[in-house]
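What follows is a structure written as structure tokens; I'll ask about it next.
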Amino acid sequence: MQVAQEFKPTIVAFCCNWCSYAGADLSGTNRLQYPANVKIIRIPCSCRLNPMFILRAFQRGADGVILCGCHPGDCHYTTGNYYARRRMTLLFSMLDYLGIERERTRVEWVSAAEGAKFAATMNEFVETVTRLGENKRLEDLRCKSE
Amino acid sequence: MQERVKARAIELLESGVRVLGWKAGEFFYDVTPAVFTSREEIEKEFVFGPFCGANMSKYLIAESRKEGRVGVFLKPCDTYSFQQLQKEHRIWRENVYAVGVQCEGMCDIEAIRSAGIKGILGVDGDGSTLTVHTLYGDKTIARKDALAERCACCKSKKMLGCDELLGEQGEELDSARFDQVEKLEAMTPDERFAFWRKELSRCIRCNACRNVCPACSCEKCVFDNPNSGVENKAAANSFEENLFHIIRAFHVAGRCTDCGECSRVCPQHIPLHLLNRKFIKDINELYGGYQAGADMETRPPLTNFQMDDPEPSVVHERGSEQ
Amino acid sequence: MKKYPVSQLDSLFAAIAAKQRLYIPAGEAKTAAFQPWEEGMRLTAALNTVRSAKDLFFPQVENLVNFKVTGKQIEVIENRDPAEPFVVFGVRACDCRSFEILDKVFLCDPVDTYYETRRACGTVVTLACTEPEETCFCTAFGIDPTDPAGDVSCWISGEDLYLRANTEKGEALLGGLEMLEEGGEPVTDKTVFDRLPLQNLPLDKFGGEHMMELFRRAEWAGLAESCLGCGACTFVCPTCQCYDIKEFNTGDEIKRFRCWDSCMYSDFTLMSAGQPRPTQLERFRQRFMHKLVYYPSTHDGEFGCVGCGRCLQKCPISMNIVKVAKTLGEEKP
Amino acid sequence: MQKIGVFVCWCGSNIAATVDVQAVSDALAKEPGVVFSTNYQYMCSQAGQDMIQEKIKEYGLNGVVVCSCSPRMHEATFRKTCEKAGLNAYMVEIANIREQCSWIHKDKETGTEKAIILGRAAIAKVHLNAPLTAGTSPVIKRALVIGGGIAGIQTALDIAEAGFPVDIVEKKPTIGGKMTQIDKTFPTLDCAACILTPKMVDAAQNENINIISYAEVESVKGFVGNFHVAIRKKARFVDESKCTGCGLCTEKCPQKKVPNEFNLGLDNRRAIYIPFAQAVPKVAAIDPNYCTMLKTGKCGVCSKVCTAGAIDYTQKDELLEREYGAIVAATGFEPISMEKFDEFAYSQSPDVVTSLEFERLMNAAGPTGGTLLRPSDGTHPHTLVFVQCVGSRCDGGEKGKPYCSKICCMYTAKHAMLTREKYPDTDVYVFYIDVRTPGKNFDEFYRRAVEDYGVHYVKGMVGKVVPENGKLKVQASDLLGGQQLHIDADMVVLAAAIEPDQTARPLATMLTASMDTNDFFTEAHPKLRPVESPTAGVFLSGACQGPKDIPETVAQAGAAAAKVIGLLAKDQLTCNPCVANSNELMCNGCSACEKVCPYGAITYVDKDFRGPNRTTLRRRVAQVNPAVCQGCGACTVACPSGAMDLKGFSNAQIMAEVDAICK
């Protein structure tokens, strides 16, 4: 328990450029706090997220990975997030199937107007992952050195 | 059937096409896919029997691009791969003459060995029990125990997209092929993790599963491509074991016909088909029934969507009591 | 010759494991492997392991060295695995012969110190075969499966395990095991070996003499045509010794390691100029020419194959060295 | 190896307050490939930009990382800066250490630490950046304005004046929109029709403007400069080219019982009708829901009386395919339905009306010819109660809208004033939460209503309206007087909140333009780009972007037009160079990418490649049209072999960022 308190997870948040990245900016503009262990990577669209990137993140020491994109129907590229939704659903299901904690991966639709939602989501996600503790099941010990 | 197939093979050859079929080996079970170009060869070495498990469709990617036509014999499950590959424009159909061969299930020599039978020299009996001749005398085994896993839960005896059929056209069967997947799903995450660690930790990254897989027919696999960022030659640790098999399963998701070759050829007997079947099961449950290779038109599930597809959180909700 | 009741193997293993790490072939038949012995672990029912005993001396992945880059400074950090003595029990005659073949490669100048260390640390305890598989053909290479080499040779005969030390290492090992009693000779029945279907391989043509002729044989095309180019045969083979040196950037240091490579792979010995063996035919030919021709030609006629039969069982398309040897070895009319 | 320069911005104290900018630039200076690193107060200022350019030249930088505000803010700025210094614009990466760092963290240590990591990620990415050159795509010099209200008309007129052809698509049979129903306009009290109808006529007569009335947009494809739009022109059953608008048919039509939407159902029209006298186009239309001929096949009176022979009962919907370079949304607003507000007895008494209905009752062209009469008994009302904020400023919003509808305070003041002016014998009460009168001459106007016209303004909400023997018993609270008021009113006028037109949401989806939770179109930037949608080539005019009065609408309409003109004035648009491209050597030709491409940017060709041993292999490979590709990257994930990659967001680049962040 004590350990869980001190443990600061590394969270990678992939945000689509048009909605969620703007949403993240908005939560900044509104000075809405969320933990610093969330680091955002900008991708043009949620459909750009290759499952390899997620696994890569876990390999390199991420404890949680979240994808944020436009709400289904609002994709800047019309259909991108629909594909992303299927891909992520299947990938997450597979990770779960392999016994990797399902709470480590997540998809959240955040529009450019939902700065508050972005912050809330991140706070909540960091909390969840902190409770889970360090990513052990999908770690690459070579990257855990030092 | 052996004789019918052989006879047809000769006719085809004499009609001027190369014939892709199974070639006899040192023993009765070690048959090798081969292209036959002479009558003698066929008469002497062509076999079609209970150990012709190899799925010929993948060879057609290369063979169909060569000069002239190639005749091929395809078991029902092979025809699904055959059609899926056409769907992906991998096979030049006009250069292929496809003969569907009905099949009552292939035996797996490894299954017989796992039954503790050593020094196997021959097998006969088509009935429910097989007599196995060994260095240590004759043994018997129930045919169902000698059957390959994929055949024990055969999904379909339908032969698709062939130019002609040998044997009765079959039907799709409601197979129990998802039972094992369900068993795993019913486990706790910890149990599942332990299960897959035990299995995948045996992986020696020989790439047999990948190289035999009709869906894994990339010009260059990401795992062989130094620029892909995931290239690796050996699974250096548990992560890379997972990485290889997760990505491979994902890349064939919605394209895998569940032909079962991956599990057949794995020297370490890792039940790789359980990964692919998980995706197939999920796709069926989440996006409606889909069988890769069953037709030429339907859009593969991963290049398709519905406005009201379930959210990724279904994964979390499913069995969230755990 | 010493002996010990088979029924109490556990306590023998315990005694060895008490002093140094012990590996025994364990697990269900189809996935048998050399595993660190722990309480209650039994010998596998399988004749042989899926992967050969070579793994213990030449593991699939092995750390070589680390580099740390700080600014313009490159620091080189030793990170080879610590050398601790170990015993491997139950090595078959074929695998035991494979060590000789590997030694000739790794221990000749320049010596492969990683391999050398492991060899020095390892005590090989072999186990004579009594129930060969139909795929066994070690006898074709002059190996006597009923009288294996190694630091210690063992036989299971009747109720007892018979042990014979062949080397100082062997002496040392057995010397340390008080529970062993002096014993007579095991009875070995060789008749089954005469019934082995593959024992008479036509090998006379192979070796250095007919190199170019064999190289040019037309049959290679037919043999190689359905090869999938996977590495199954290579990785289960006790004598395959090719490896690739790779580097992994962890972000704060670079780990250089080596891992098995396979001449069957399309990127094997890939060079800036391109692929020296552009099609599977050349790669396939390379592998078998190496076992049957190149290796003997440079190692006074000794073949690079020990007839363990693993590739016969594991090749996805059942193409293997026996088929190659028979196709090329038999005199054509 | 890149020679990278790092420029850390303080953004005044915005960043510097919670991020130790010195520490950041020092830490990043140690990163591989970084040859120069500094920090400065305002990197986006001229001085800051000059410094960047100077350093690029001085150190021969071939990669630049700016740690500053969001790339959505200044990426373009810094790219231009570097381009001027001879560095390819796409060798620049921004580390967002303001919105995503300094502004969300209080603790300086944390902020600094995170800023360094974000900087590292950007550096890692720049290492893999390659110079990109943008392709170009032609601009179709024609604009589409969706909605023919004052906003749409003004936008169209301004674009047309600049010499570009415009189509106005209006779903009603006439253009003009809400303003046509308004009687007078605040604060000047001049007649709405008098200022609107001339504009409608101008639009009709302008040879650059093509009005497609009684039509709706059915689908939108393509992208900025190159939209393909399908427009459904609904059947009018009247041949526009023949109809002279004489109106004879509308007098002879036997079907008299059709609620007249122009007067909000306060009176009736015929089944064949011209919405109002000044309609443009002045062409009759048959209402298929009421026309006996169309429903039963018996009647045909209108066709008999029509001397022009314009009636055509067989007319079908027509689908027009048009191409445009720019699209303007001007879909306007609607008052919300009053159903949910039964406490005001709207559904119980015809004498409870909405403000818009009141406009009609006051209007000379209205049902009562401009004399204010009670809808129930046609008598002259003596006591009127105006209720403000009906459905506006509702928290929770389940009943009404969270926002202020903005125009109600002023039009109610107008109504009250006009009533008192015309009928000095009336008592007029206005119940309000606040009176909001920002705007030129607005407050003066309101005060005139109170001071000169003796309108009773009561701060407080009306709780209940009960119809009782011909009167409306109004129960309200007077917050300032601290008492409950009971008024026997003859009429109650509800200032209904306004909401975006129902057609806006589906349209937004077609345009892939985003909307806020109230279905108002969102602007590209709330302050700096108020008339553009985030979707390139789509612009916003009028109330579809938020509640507005007429002058504001007209102003925004003009602004939108200016943006459109700016776009159409270009012959070529430089495309986004961050597009997909396929490595033919690795392509399987499996068509997965083609299937997921929303723009049809991917095509296939059979190509010969050199195989091993001097053989040639024919393979089917994908090719990307960089002018059409918009760079979403869907194809890159669909491609199993990784042959398809995205410039500027390549697999390698993203993974490098991942590594840097997780390190």
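Letters are used for the chains, namely A, B, C and D, taken in the order the chains are written, and counting of residues starts over at 1 for each.
In this section, contacts are C-beta pairs under 8 Å (C-beta built on N, C-alpha and C of every residue); 3 or more make two chains touch, one makes a residue touch a chain.
In this text the structure is predicted, and so the values were computed from the model without any measurement.
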By mean Cα position, the chain sitting nearest the middle: A
Higher-contact pair (C-beta pairs counted), B-C versus A-C: B-C
Farthest-lying chain, centroid of Cα atoms versus that of subunit B: D
Distance between the centres, which are taken as Cα means, of subunit C and subunit B, whole angstrom: 30
Approximate Å spacing (C-alpha centroids) for the pair subunit A, subunit C: 46
Between subunit A and subunit D, centroid-to-centroid distance (C-alpha), Å: 31
Whole-Å gap between the CA centroids of subunit A and subunit B: 36
Multi-chain contact residues (two or more partners), subunit D: 596, 638, 651, 655, 659, 662-663
Touching two or more other chains - residues of subunit A: 51-52, 56, 60, 73, 79, 83, 87, 142-143
Subunit C residues counted as touching two or more neighbouring chains: 248, 251-252
Category of the chain touch graph - line, ring, star, complete, other: complete
In the complex, subunit D residues that touch subunit C: 30, 32, 612-613, 659-660, 662-663
List of subunit B residues in touch with subunit A within their complex: 184-185, 189-197, 222, 228-230, 236-237, 239-240, 242-243, 246-247, 249-250, 253, 275, 278-279, 282-283, 286-287, 301-307, 309-316, 318
Subunit B - residues contacting subunit C, complex: 25-27, 29-35, 54, 59, 110, 113-114, 116, 118-121, 134-136, 202, 204-208, 210-212, 224, 232-236, 261, 264-265, 267-269
Contacting residues of subunit B [partner subunit D, same complex]: 65, 88-90, 217-222, 225, 227-229, 251-252, 299-300, 302-304
Subunit A contact footprint on subunit C (complex, rising order): 248, 250-253, 255
